Amino acid sequence: MKIMHHMTRADFEKAQDNVVVLPVGSTEQHGPHLPLGVDSYIARGISEILSERTGAIVAPTLTYGYKSKPLSGGGPLFKGTIDLNGKTLIDLVYDILCEFARDGYNKIFINNAHFENQAFIEEAMDLACQAFPKLKVVQSNWWDVLDNDTVNKVFSDVPFPGWAFEHAAITETSLMLFLKPELVRKNLIPEDVKAKALPYSVYPARKEMVPECGALAPSKGSSAEKGKLIVDKAIEGFLKIFKDEFNV
Amino acid sequence: MKIMHHMTRADFEKAQDNVVVLPVGSTEQHGPHLPLGVDSYIARGISEILSERTGAIVAPTLTYGYKSKPLSGGGPLFKGTIDLNGKTLIDLVYDILCEFARDGYNKIFINNAHFENQAFIEEAMDLACQAFPKLKVVQSNWWDVLDNDTVNKVFSDVPFPGWAFEHAAITETSLMLFLKPELVRKNLIPEDVKAKALPYSVYPARKEMVPECGALAPSKGSSAEKGKLIVDKAIEGFLKIFKDEFNV
Amino acid sequence: MKIMHHMTRADFEKAQDNVVVLPVGSTEQHGPHLPLGVDSYIARGISEILSERTGAIVAPTLTYGYKSKPLSGGGPLFKGTIDLNGKTLIDLVYDILCEFARDGYNKIFINNAHFENQAFIEEAMDLACQAFPKLKVVQSNWWDVLDNDTVNKVFSDVPFPGWAFEHAAITETSLMLFLKPELVRKNLIPEDVKAKALPYSVYPARKEMVPECGALAPSKGSSAEKGKLIVDKAIEGFLKIFKDEFNV
Amino acid sequence: MKIMHHMTRADFEKAQDNVVVLPVGSTEQHGPHLPLGVDSYIARGISEILSERTGAIVAPTLTYGYKSKPLSGGGPLFKGTIDLNGKTLIDLVYDILCEFARDGYNKIFINNAHFENQAFIEEAMDLACQAFPKLKVVQSNWWDVLDNDTVNKVFSDVPFPGWAFEHAAITETSLMLFLKPELVRKNLIPEDVKAKALPYSVYPARKEMVPECGALAPSKGSSAEKGKLIVDKAIEGFLKIFKDEFNV
Amino acid sequence: MKIMHHMTRADFEKAQDNVVVLPVGSTEQHGPHLPLGVDSYIARGISEILSERTGAIVAPTLTYGYKSKPLSGGGPLFKGTIDLNGKTLIDLVYDILCEFARDGYNKIFINNAHFENQAFIEEAMDLACQAFPKLKVVQSNWWDVLDNDTVNKVFSDVPFPGWAFEHAAITETSLMLFLKPELVRKNLIPEDVKAKALPYSVYPARKEMVPECGALAPSKGSSAEKGKLIVDKAIEGFLKIFKDEFNV
Amino acid sequence: MKIMHHMTRADFEKAQDNVVVLPVGSTEQHGPHLPLGVDSYIARGISEILSERTGAIVAPTLTYGYKSKPLSGGGPLFKGTIDLNGKTLIDLVYDILCEFARDGYNKIFINNAHFENQAFIEEAMDLACQAFPKLKVVQSNWWDVLDNDTVNKVFSDVPFPGWAFEHAAITETSLMLFLKPELVRKNLIPEDVKAKALPYSVYPARKEMVPECGALAPSKGSSAEKGKLIVDKAIEGFLKIFKDEFNV
């Protein structure tokens, strides 16, 4: 496993041809049972396993992300959700990508675990690739690479509410039970949660748009085993991306 | 129908309590058979019908949007796609929202017809609502308010490829056949189109990621009738939003 | 006539060597008798005639412009004037110019019909031409290309108050009577209007700096014929610019 | 005379109710006979006389301005023209205005002597007045307050070419002969200069658009007396503005 | 110890009145023997001890910082130094401070361990405190709170080269030996290092300005004991700051 | 002596290979006895002597600087301190550096006399040198080039309080007595001043952090002779820098 912040400069130079994995998370409320760092821990945990499997370098995690939205993350009205403006996230990711490119690291994989980040990360990717023509950057996340079979296995106890509502719900709870079980308050796992979807967004946010507990779907049936299954499948998907895009 | 650019200042002042509808489109290639203005025409056309039904004021359309992406709009490698940077779109929408708020128009409905715009529009909505506490802004689009039944009727001839791939395909072609038939080159409608989905985004874009024709799914079976059905259902959805959020 | 939003990608590619005309207007109060879209309609209308004569491509109009000023447009205290900040307009025009340059369209003519836009458009032109050395951009407007003879003919009934005060006055009213007569409220044309010039600018604006009706000079004697004369002479001037600068 | 940089903090505090005059110039080529600091010296020189007459505080001059344009200042292709981007000038003036407002100085007069600065200064004025509702800012310049009689007297030897072309020509040369005679190279004053007006702007600039000497009109007949006349009349105009706007 | 990313929302709400500690580090080469994460580990490690002693909440560490400079950090020419632009760091810290203030956390302590960050952090502090008048933010670092006696004890084997040169040298090496010994390559500790001070800064950087090993002073005599001493004294200093500024 | 604003364009072109010196000061309270322009006068005065000795061109002084801080300049709570935001100063210096580089002047020496400016000036230097690879920019100040012997001579009457506290104190007072004696209120020189150092920064600033008089250390024993000594030694230091970095 190659953790960039553990490596000396010489270690880093030796890995010049390796893929760099940039985990991106958030600081966001995750219901009564999960800690504020869920997205960051998941992004980081899966990135480390990916590093073990491929020798990719894990860059320091971005632990603050774009604004949580009510119907995918609970939104700004819950305390503990510390968000960046869109332009700030664009600049932050842009600067980091450019710096890796200046050092000659041209294969970057952004492992994003906070849905709301995606558009701003991609804007940064576009701008950085315009500035550094040799640079190639891929962005993915653990949920987009899962196959239907895996989804069906995970959602054996509760219906699949759609990915937007999988906030502080069965997938994130299971992932945390596998990756960081000591941070899950098992006795506080909410079982009956029901958020109502809206086919639109509205600002300013209203408290009543989100279940009071801050989760958007039930966590019933969450388990470390399901977490491991998700991680295994995500890794499988990421390895295919590495092969297709970075030829490693 | 209240078209803001047709109204005098006095007309506009009289409509102080009305909802303002801001159509947002793009300038983007739409395959061999559809013009570059598709998203703008659809956003505008539906907004005008909405105005007829509700007295809402139709503000001038934003006809340049955020960057087209290969797997939802064909991407930047096709000529004729003229895109804004993310920060520019945020600022553009922000300035406009603030100006309406300064004039005392606090009910704004953004009718977006270019998927890639959404995150940047929402960032502008958030910032404007922070600056003007009385302001309320809703953002929606024609596809998110359709029910399953409508989707099934529209996709009677071809399988539903998912909304991302409905670019220059059956829904947009049908909408244009209904709203702007004179701009559709019927003899050039591509029938067999197949884009391959990727569970990730990658920059820089590559030509081979997108079908050569620039559409992402087939338009077979497109018709003005289907276009009308979509419009009717979108209006129905928007009317419900108006009632729920603006109480009109 | 080549309206970009009517063209398919293939149409657009075939016109690769043509001049692109970018009309720039505003959303601004124009007195009791003219609609909020005057500047945008004039910029667009003249651009379309220019396209008919030269084959130039008419890009989508920018329908929001820089801040109206009291003594050239009535200013921000009238409702219906929806303005952009200076930086936003710079970025908006810059992004669009760069995108045309990226697609290989290097002859751009900006047809501006809102005086206050000019400095910000020119800043964008300078920045875009620094970024794309092959790009050439010209900016003009209908009033700067008129000869004295034309001005004398137009101002046969009222004295020429200077171009700054020709806001919602005889030239714009005549142009609208020629280009968009259905949008002129003829019975509301103000005859006696007198704004007082100031040899300075002052912020914040005060209501009493501007005639209550929002026009800055009289419209007496406005006619579609005068509008046609202005358009004809503007086109003549623009054709000379096309020849001198774009060699077409 | 109250030169801010000569004053101690106590002096400055005592003048809390006085107008603050902010001279804005440029660093720009001014033909063969005038130095690069012409605009800054003129803005400063007139401001000091204004201070003598009114007790206004002269803030430090902004000696770098917005981009010189070929047909009003010779443009960027001459060496010695060191320009700011538009956004930078907006921010610079904005920050300074806000700081005076924070200190309780709410009567600011911007004495601008570089034409190209105006739009960007006014944008800063608007933004600062939005942020500080008690702040009042006026912007003027020496040429806009001259009456026709004065113009006729100054242009007794040469025809008046319009203000845009009065670059390094009779008015600026006379002003420098009055305010800073030691900086005028009298033996290098160009007599026959003829710039050709264009009813449009074009980027990038071309050398041949501007007379080789860098002046845009002749300086024949320049004199310290004419310079004094202009200054006297400008002061007269500014005093009227002070009375009308600041009640001093 | 209150690690924010370990806390649930309810835990966080309960600690509403506690100080929030924001550790700020960097990703920067630190010679042959120390890892790229030194500044981040030190900022974090000391913050955790501070939390143990005071109940302060440790926010997620900023692990990318402002640009390393040759004579305080080795500079940009070493690989592995991944830096942010100044404006990006200002925005990043600003957004985070504002978010804590919005949630009602008004006592923030920024524990910075990368010298080059300071001016940009302070700019963010100023801007955030202007926006949120109740907010109070303190910034300090481990080296500024040490007394002379401690410095003398630490520099018993080597002369004190000044804090700027204490990069990858005895203090940072000792701190890492105490806080993260497993990340120190003891066999690679450089003993004889001598950087030459310059009374100026120069851009672009040159390789020969910095000792080849990337450290700026010797690490001879580094020990976990010295690391503990520094930490103890830093904590002592920080506790005094907490008392004086936050009254806790 | 080559004062850029005194030079014609031809003079400037002839000096193409010379170093350009950019003096950077501030507008900042300097106690009861010194004027608000101290930093600007010192930066400018030393630059002019440097020009006499080397033929370097003195560019117009930046007379507004970054925010004064309580414990190095008294801070924002004193009237007469007119400061720029950090981003504005970065942009201002960046634009100026780029313009000199565009004109082919690639040897720039920034002579800064306001401590708080440094980090923002250096950020601009870095960005400009990235944009113009031939450009070389050096930044220094009068205090960093003084040797210990000089410091000892200057501080013969009062103890050396550290450079941060040398605000409106013996060195600045002596420099003004030498460079601009007419602007020093000798009868108001404060003799007993004692600021208390803090090992941290805190926002918002508090009045009681700074001695009421606004100076941070005593001026006792200030003299024109000491001022001359400092200038001589600063020039000596700068000449060495010119030789080492610009080879002149």
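Labels for the chains are A, B, C, D, E and F, by order of writing; each one numbers its residues from 1.
The rule is short, and it goes like this: a contact is a pair of C-beta atoms (placed from the backbone, for glycine too) under 8 Å apart; a residue touches a chain by one contact, two chains touch by 3 or more.
In this text, all values refer to a predicted model and were calculated from it rather than measured experimentally.
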| query | What is the touch distance from chain D to chain E, in steps? | reply | 2
| Which contact partners do chain A and chain D have in common? | none
| request: If you tally contacting C-beta pairs, which comes out ahead, D-F or A-B? Let me know. | output: D-F
| Reference chain E; chain at largest CA-centroid distance | C
| For chain A and chain F, what's the span in angstrom between their mean Cα positions? | 48
| message | Suppose each chain is reduced to the average of its Cα coordinates; what separation in Å results between chain E and chain F? | response | 28
| query | Distance from the CA centroid of chain C to that of chain E, rounded to the nearest Å? | reply | 55
| task | Note the residues in chain A that touch 2 or more other chains, in rising order. | result | 85, 87
| message | Please list every chain around the ring, with chain E first and chain F second. | response | E, F, D, C, B, A
| message | Help me check something: in the complex, which residues belonging to chain B touch chain A? | response | 67, 69, 85-87, 90, 116, 118-120, 122-123, 125-130, 133, 136-140, 144-145, 199-204, 237, 241, 245
| note | The answer for chain E against chain A in the complex is residues 4-10, 12-13, 16, 27, 29-37, 40-41, 59-61, 63-64, 76, 78-85, 87-88, 91-92, 94-96, 99-100, 102-104, 183, 185, 188, 214
